[in-house]
Amino acid sequence: MKGTEGTTVREEDRRDDGPRRTGKAVDMCRWLAYSGTPILLDSILYRPVHSLIDQSLHAKMGVETTNGDGFGVGWYVPDKDSPAVVRDIGPAWSDRNLREIAEHVVSPLFFAHIRASTGTAVQQTNCHPFRHGRWMWMHNGAIAEFHRVRRDLALSVEPGLFPYVEGSTDSEMMFYLSLTLGLEEDPPGAVARMAGLVERVGHEHGVEFPLQMTVSVTDGVRLCAFRYSSQKRSRSLFYSTRVDTLRSLHPDVAFLREISDDARLIVSEPLGDLPGAWNAVPEGTYGVVQPEGDEMHAFEPAA
Amino acid sequence: MKGTEGTTVREEDRRDDGPRRTGKAVDMCRWLAYSGTPILLDSILYRPVHSLIDQSLHAKMGVETTNGDGFGVGWYVPDKDSPAVVRDIGPAWSDRNLREIAEHVVSPLFFAHIRASTGTAVQQTNCHPFRHGRWMWMHNGAIAEFHRVRRDLALSVEPGLFPYVEGSTDSEMMFYLSLTLGLEEDPPGAVARMAGLVERVGHEHGVEFPLQMTVSVTDGVRLCAFRYSSQKRSRSLFYSTRVDTLRSLHPDVAFLREISDDARLIVSEPLGDLPGAWNAVPEGTYGVVQPEGDEMHAFEPAA
Amino acid sequence: MKGTEGTTVREEDRRDDGPRRTGKAVDMCRWLAYSGTPILLDSILYRPVHSLIDQSLHAKMGVETTNGDGFGVGWYVPDKDSPAVVRDIGPAWSDRNLREIAEHVVSPLFFAHIRASTGTAVQQTNCHPFRHGRWMWMHNGAIAEFHRVRRDLALSVEPGLFPYVEGSTDSEMMFYLSLTLGLEEDPPGAVARMAGLVERVGHEHGVEFPLQMTVSVTDGVRLCAFRYSSQKRSRSLFYSTRVDTLRSLHPDVAFLREISDDARLIVSEPLGDLPGAWNAVPEGTYGVVQPEGDEMHAFEPAA
Amino acid sequence: MKGTEGTTVREEDRRDDGPRRTGKAVDMCRWLAYSGTPILLDSILYRPVHSLIDQSLHAKMGVETTNGDGFGVGWYVPDKDSPAVVRDIGPAWSDRNLREIAEHVVSPLFFAHIRASTGTAVQQTNCHPFRHGRWMWMHNGAIAEFHRVRRDLALSVEPGLFPYVEGSTDSEMMFYLSLTLGLEEDPPGAVARMAGLVERVGHEHGVEFPLQMTVSVTDGVRLCAFRYSSQKRSRSLFYSTRVDTLRSLHPDVAFLREISDDARLIVSEPLGDLPGAWNAVPEGTYGVVQPEGDEMHAFEPAA
């Protein structure tokens, strides 16, 4: 992305000052999105040092260091618009089916998510990623005091979409609100409108800082990632340095020769131990990974 | 109950003409409610011929002959207002924890339910019984075309109760609508108002026969059971004959000497093979099992 | 296979006279094996009338009509010797992850299995298919009185293989006995020696008819299927008619034009409703599906 | 117990120098055993600061700080010899059924266990406590290199007991070896013989330090707890100070007035924050909690 790539991760970006474990229906998680050369999921999910699966047991950053309340993986395959989404309610670290899939599925675009619930039911319909048609969505963060605003937000979901809301998380609600507000035509605009709506409804209920989010959303072609919080202290988010830059920094790393220049990872928490590989997404920012060139812009909720 | 006790179950009562397996969010199940002498759950759940647990694998009546999409058991204990509710998503027939509980828990009032989903997610929050405070609720049947009316019904739930709706079933929605409409003060009245609301909203959406239900609800003292459907072809429901009558019919049955005169079972489908033990609850009827004497009345939805 | 293809399934082949539900550790199941053109799993697992997934809820043949105690699917992909094996303990009919995988995975050779346990624990390590290296195995039937012979059979497993036995089923034990007895060099010979061993040990323990099996085993290239029982009343097994023969019988069926001449299905119970599509594997017979031409031979346990 | 009660826990007792996470089939866990006044399970399992359920997410001591690979609780009730045992494979911290049971079940003697697997399958039959008749057993630790010695140990299990071994853990094997070696007549002697056997077989396979264990076993009357390791660096174990001593130390603590003088807890890791409440079980020691007075003795494996 157009930014200050290759910089070291600074200590303040390692902070993750999300809301504390209080109230109901607060999700705090870790996630990863990949776009690039078709690759075995295993290469990203399990093989790196401090992989996402390792993080399910022992994350370094974040409020919750264990993310054992379910997981999900979603991937696109050729000739199918709609991605496969496999989710389960146990910890990722011990899930054999996830490992089997990771070792046998190749995909050019996939999401993976590990969940730490702090009250919402641990059930498949509350696991990320969420899917609607060709779209996938995953989230780390929370709508503050969700139990108080949930009804008002639910009423804002387009009635035709309402029956598709299956679970009880703030994350899925954010997805359906974004779909209601135009996600399929204009992802950044729709997410901005969703964030504006969540903040307005939160403020109406006396919530000072209604929204805390890092979100990833895709239609299988473009991948968008958002980092924002009402308090301006968003949960961590990182994107990988351009592969050609990394190759020149690390000519000996075989893995880098196997993937294309346009391969890109966006993660809650860096994987691996390659110096220069990760760049913090700045506070209040969104990025787009797409065939016509990646972009990064300021993100502001829309009224 | 005051009715025609001790009669044989007639063939037409064995019919169970519920809606077919179509559409989303239709629950078709089997359930059992017990009130009487404190008894080991096992005595009722597992030991009878054609027990509820047997029915989970091979029910005789009903649209679905397998009820393998989760189960639940709820029981009251002394010194606790709120009942214990244990639910899980696998089939009851192979669940070891259910058997352990049944073999070690004694209770004077308990519910058990086995579920056949026809589309709604198989998850703990969709399993019966549902609980709110000291109240428990379970259901067999369906709100027809629930996906079309779900939003309107959700809006009718009292906002303060809305956050407690955890799952996505019509059954839980009926419970929270009944709570909204006065269940804690007047159970039969509240259920009648709920049924009236469901029918009105269904008719507004062009649904001819909006409601099909057998419901059991209790606060730990009184137990109410309802049999009703808009089409007047309700799913089967039976209540057990008075224990003193059964004892005189079957002086040799040891089990009958162990339970008190006021013991009462209400079931979707008869258990055991004791002649004269079961009586069909008539179409459009509700019964109340209570310390001051059981009653049976006509049931009519309230406008 | 070389046999009497294209014949109608006769009523006596529809019988499935396996041992009754008695004793511990008896598995009775349904399975399916496919070899041929790379195909979406969904085409075989879900789309046919009376598909395997339908059979999980309502099988027509067999002792158990519900197969809701877990399932598994195993498939080979290019560039990987070892197959993916995904197994879970709930019923197949409601498993969303299985459906996701089926709708997004293409494979030239796969197994699927649905389980009805009659006492052995319902756990992932007891679900089929079982895998060892590049080999996959699945089974329908039982070692009679398995709890009495289990120890002696366990001692016959090669000590180096012993630690790989993870579950408690007779089916997995048969697999490791076959591996011990040369499966990797000579599948039909090894299975014959395994069957001979099981019969000898059973007879030593006074069991009249020790073995009942239909088995499928593959290394990813050759697929072998066995139908045998000590009592000569084996559980049902069918293989599909040659695709070119079916095409000339049914020139209008589009699906038949999409698959290659060498595509072959072996199933516990016929799928679909295409006349002439299925042929009973005779009692005491095994077949081999392989690139150099399919074969069918008599099967006899080896002393 | 007769020991140096009321002493503070010293820092060296907080060490937990068990074997590292290597190899297969190594269980590392946390557990708790209670004997005394009949008490609501919740009082011990959930209410204390740093409760066992808290430890499932964040243990302070031990090799594994997360114990999310299943849990179990076993309790005795009046009029039943055999205890109830409820076990499940998800993390204890989010399990609603465990909480329901804890809030509604009263027992004078119960076990609770949270598991951290390092390779053995996460399945119900691998969860503690294990039960045989009226006996219950749970374990924290490991048989080193279990996959290498498992077969030899399995052969040492009495053939009549062999079919009862359902899972694949070292812990369950230790239980059935102890039953084989006289557990029902002489628990300390049988456990000593089991430990001697495990060490002998381990040494035969070149394992330097074959055994690491803290074990609790009971028949519903006497409760025995063992702390031992071949390396003399056993995993931590603590017993609670006599209730009358604690009462005089803490006259204001209401909870202490509700339980009887003979109430006793044995735990992997102290609960609560009451000074003087916990005493380390010394290295190579076992204790017996029993109606005729508690005892503590040196423990030595028997040849």
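The letters A, B, C and D name the chains in turn, as written, and every chain counts its residues from 1.
Definition applied: a contact is a pair of C-beta atoms (placed from the backbone, for glycine too) under 8 Å apart; a residue touches a chain by one contact, two chains touch by 3 or more.
Just so it is clear, the model here is predicted, and its values are computed rather than measured.
Where chain B touches chain C, the two copies mostly use the same residue numbers: shared numbers make up over half of all numbers in play.
Chains compared, chain B against chain D: the Cα-based superposition rotates one onto the other by 180 degrees, nearest 5. Computed centre separation for the pair chain A/chain C is 41 angstrom, with centres defined by C-alpha atoms.
Looking at chain B, residues 124 sit in touch with two or more other chains. Taken as a graph of touching chains, this assembly is complete, with every chain in contact with every other. Put simply, chain A touches chain C in their complex at residues 75, 77, 80, 83-88, 96-97, 100-101, 103-105, 124. The residues of chain A lying in touch with chain D in their complex are 57-58, 65-66, 68-69, 89-91, 93-94, 117, 122. Residues 24, 121, 123-125, 147-148, 150-151, 154-155, 159, 162-163, 166-168 of chain A touch chain B in their complex.
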